[in-house]
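Chain lettering (A, B, C, D, E and F) follows the sequence in which the chains are written, and residue indices restart at 1 in each chain.
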Amino acid sequence: MDPVILFFLLGALAGLFKSDLRMPPAVYDLLSMVLLLTIGLKGGVELAEHSVGGLIPQIGLVLLLGFTVPLVIFPLVRFVGRMPRADAASIAAHYGSVSVATYAVGVAFLESQRQSFDPQLPLFVVLLEVPAIMVGILLARGFQGGTRWGPLAHEIFMGKSIVLLLGGLLIGWVAGAEGVQPLEPLFFDLFKGVLALFLLEMGLIAASQARTLRNHGLFLVLLGVMIPVPLATAGAWLGWMMGLNVGGVTLLAVLAGSCSYIAAPAAMRIAVPAANPALSLTASLGVTFPFNIFLGIPLYYQIAQWLHGQ
Amino acid sequence: MDTTSRKLLTVVTEAALEARLCEALDDLGATGYTIVNARGRGSRGVRQADWSTSGNIRLEVICDEERAAEIATYLRDRYFDNFLMIIYISDVQVLREDKF
Amino acid sequence: MDTTSRKLLTVVTEAALEARLCEALDDLGATGYTIVNARGRGSRGVRQADWSTSGNIRLEVICDEERAAEIATYLRDRYFDNFLMIIYISDVQVLREDKF
Amino acid sequence: MDTTSRKLLTVVTEAALEARLCEALDDLGATGYTIVNARGRGSRGVRQADWSTSGNIRLEVICDEERAAEIATYLRDRYFDNFLMIIYISDVQVLREDKF
Amino acid sequence: MDPVILFFLLGALAGLFKSDLRMPPAVYDLLSMVLLLTIGLKGGVELAEHSVGGLIPQIGLVLLLGFTVPLVIFPLVRFVGRMPRADAASIAAHYGSVSVATYAVGVAFLESQRQSFDPQLPLFVVLLEVPAIMVGILLARGFQGGTRWGPLAHEIFMGKSIVLLLGGLLIGWVAGAEGVQPLEPLFFDLFKGVLALFLLEMGLIAASQARTLRNHGLFLVLLGVMIPVPLATAGAWLGWMMGLNVGGVTLLAVLAGSCSYIAAPAAMRIAVPAANPALSLTASLGVTFPFNIFLGIPLYYQIAQWLHGQ
Amino acid sequence: MDPVILFFLLGALAGLFKSDLRMPPAVYDLLSMVLLLTIGLKGGVELAEHSVGGLIPQIGLVLLLGFTVPLVIFPLVRFVGRMPRADAASIAAHYGSVSVATYAVGVAFLESQRQSFDPQLPLFVVLLEVPAIMVGILLARGFQGGTRWGPLAHEIFMGKSIVLLLGGLLIGWVAGAEGVQPLEPLFFDLFKGVLALFLLEMGLIAASQARTLRNHGLFLVLLGVMIPVPLATAGAWLGWMMGLNVGGVTLLAVLAGSCSYIAAPAAMRIAVPAANPALSLTASLGVTFPFNIFLGIPLYYQIAQWLHGQ
């Protein structure tokens, strides 16, 4: 097993056994900042070496994926899961959007398999973050007017994860491989170490969701385990249709199957306050995230290989 | 030393609301406010400041009695249903009454 | 705007006690509490929050008068001898009296 | 539970003043003080704790009425003209009166 | 002199001259987290390459050392030093337990001497942390009943330093040298730099103990200087008996002669509140720690070489 | 363009568009601590390999520069700019002192030009930090007595930036290249990455000065753009007279043209409280800093080459 995942386990166990181990919020912020910039920079450097012209159709398809997923999840949760409208919409937005931490573990997984992936994937992370959140808000509010979209859109688009991902991407693109080279010791060489520390904290956070899990256990576990695989399969299929390589297909599957825990919770708390934030956060961090990093990613990799006839 | 009576209104609520509350206070005519990061427990469970906006804030406004009532009413109507929030009010003597 | 009188009990003490105090407050029936990190000086020297538990915390509980007395007595008997601690109580008006 | 009346003097001001204020309080005979980091808005704009001393502090002193007046007067004369600062005073009941 | 020690000096001087240099607590936490994980990981990787079967007797002996030391220190401090029971017990617990920072300086020292050490040493750090604390509590409370050991034991065993050390050890063991390799840039390459920053803060903290030192000066200096050397010698002898190599003997001496400043203070504050925390902390950080890193470690290395007949 | 500068741009844009991107103060402190120590260590290591005897006259000249600059700026701001005495004195102190961040960008610039520089430059950073602040205080107070210089001098000389720079310098000197080598992965290899993160935060801070800029715009922009170039030219000329190489001349120009944003603001706030801190800080961070890193440094490099007849 990849040792970074063992750090998640360590954090989760420390949390469950109520250790006094805590990661200061400032450290969490630093680590996630470095991770986001690293992912962006890497993508930008790669993009700089390819022609971007051919990406437009792929961008359209990825955005379509982002808009579609919540429309599929919402009725399921609302009518099969019998959840209130606000909660169903919020959960749909979370699953439609993406988790950068899951993506980073996917990247680390591919690295340890020595499997390269298409350079535009970091761009897809950015593209997938927003649309589902907007659809989720519309679903919650029932498409009646009265939503002040201006400030909401600002909050969503200027959220720190998008700013850092997109900013890193553009800097990497402008600077190119040679320009970014002096930044490599911090952003590239430390990547796995930073990810390990970050996953330690994710484990602690996941463990702190245990109380919610006790109350809504069955529902959340069902949700958190049963949604990712079909979504990831759809993502893999889309990636294969677009002509991505095995690594790219795997990562698009990872993105589709991952569940937001930064952008979506922040936006839904403000835009759909009636939704219980503990429900979607616990499904995301307490169930789907560990499911994906332990079982999902290797499975999606299998699917990608199978699609490519390997 | 000249002092004047004013009300000190304290709000403890979710950190995610900070930007909204500051805007609202500006609109409601508060002359200022002071915020500190907090954690705690209430009717809706424990709030730790472990990561991003998982913590609470403790916000204080000094103003006259009517404005305090106005602010409290506004917050109650807007946020009591869906957000963790408590509000309490006490009497204070302030220096430089024109500031509040 | 309907408000009700309650007591606000504030404790300033060593950060090392946080977990114990929270447990005690639960046991004593407080409906909640709010904590912020603090530093300061008292009869037993300066307290800086430089590393791990070298700092103070400032803990607030809103409750009725009897409970405040109970909590204060409990803390006094348990902690005054061996721990840095001050306690003070003031009057506040709360919204949603049923919460406290 | 025996309690005694004291004054709680609260100062919100620029973090850059912390060392000076602590010294002044020692000189003025305060038996202690408690400080927390704060941010806020006042007549002179928004104060964020983004870097080094760009934030505020919130400082509390418990003492008797005369000392509170003395401290408030001292701070007013020294700092009101050139520094961001508000001061307010309220009544509290303290345990262990000899500490304050 | 090893430059990391100069960082301690810099911090101590800055503190004594009342510079406004401060290290944010979050940074202190990050640095100590990385140090603990590094020590654990290194040990785990080494252990993975050796058979562990033979360690059981060594583990027993090291635990015995942990239980014995406070029983020796306590009467000395209590009857020769004429300290109250609670303080004597607390000081005994501090000296019986270990300081990870001192251990890290010892490791750095051996590295700069190109002297290797046995892989099980990080395990010994964990083993030595707890027993003395438990004995100290018993000594303070006079073996009468009434101690709620459950929560106390939980607090001691789930303390963050043990969780991170042991967690790192297990991860290193499971992942092995190859698995840990992508983590090396952060955890191994930065080790000395992280230690330097950490020691800067230790210097600042040591300087902040100066006030206590002024009041209880002579006693604390005597205590802090005279206890480590005999303890370290005993540790060295034990290590030599166990068959450790020169590096291993040095480090076991370092552990025996070092004085806890994280686990013991936290536990004693809660379990033995009547003990004055300033006394033991000042002896530990203000006297014994600097003594050990400047004079002790080179001396213990001499002893180790001498025992090995070099 | 050097990618580290793009990080400044990213931060500035994020700030201007009111993104919720924030760098925790603890991270800012860590980054600036590492930068200051790195600059000091590098200089110390270099100094260790040169004879220091010949530096005395250079030290005298650099101190003279520090004392002179505020005496030139003050009358300009006071009588041409028609500013109150306190503000003019404070601005003079800010421009007479130096910005370590600007210096660091200068070093990064020279590195990317593969241009070496004289080893004593980090020493000059320390030397230039203080004198202008003292002159500024005298100018504000009109040379009447009554200033309690003791505590003020302590505060200025024991400020954290001087302690870390000078401390790093001394450690580097004592330890030498070989001794510092194990610290290189953290302090030297990560230099550009740390600088990039630091500049991201500087961009955010610069953007937060926009409000002041709106009110006092024209004056501050004129000040912030027109002062650096003549000062830098004077610095370059002085460096050339002293016999510095092209890199050294460039960096002395950078120092002369840079404007303090740590030491000077802190000292002036306490010593000259009547000065409006927003004015000088906005000129420094909002105008002069970006001017210098985008346009100034390449220009000063041209001047240095021209002086050396290249």
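Methods note: contacts are C-beta pairs under 8 Å (C-beta built on N, C-alpha and C of every residue); 3 or more make two chains touch, one makes a residue touch a chain.
All values reported here derive from a predicted model rather than from experimental measurement.
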Minimal step count in the chain contact network, chain A to chain C: 2
Label of the chain whose CA centroid is most distant from the centroid of chain F: C
Copies chain E and chain F touch via same or different residues, half shared test: different
Chain whose mean Cα position lies farthest from chain B: E
Separation of chain A from chain D, taking each centre as the mean of its C-alpha atoms, in whole Å: 46
Between chain C and chain E, centroid-to-centroid distance (C-alpha), Å: 34
For chain B paired with chain F, centre-to-centre distance based on mean C-alpha positions, whole Å: 40
Junction residues of chain B, two or more chains touched: 36-37, 90-91
Sequence positions of chain E contacting 2 or more other chains: 22-27, 29-30, 185
Every chain pair in contact, whichever chains are involved: A-B, A-E, A-F, B-C, B-D, C-D, C-E, D-F, E-F
Residues of chain E defined as touching chain C within the complex: 22-23, 25, 28-29, 201, 204-205, 208, 211, 262, 266, 269-270, 273-274, 278
Touch list for chain D against partner chain C, complex: 1, 3, 6, 8, 22, 26, 31-37, 62, 90-96, 99-100
Interface residues, chain D side, partner chain B - complex: 10, 12, 36-43, 56, 58, 69, 72-73, 76, 80, 86-91
Chain A-touching residues of chain E, taken from the complex the two chains share: 24-27, 29-30, 33-34, 154-155, 158-160, 163-164, 167, 170-171, 174-175, 179-180, 182-187
Chain C residues within the chain E interface of the complex: 14, 16, 20, 45, 48-53, 55, 79, 81-83
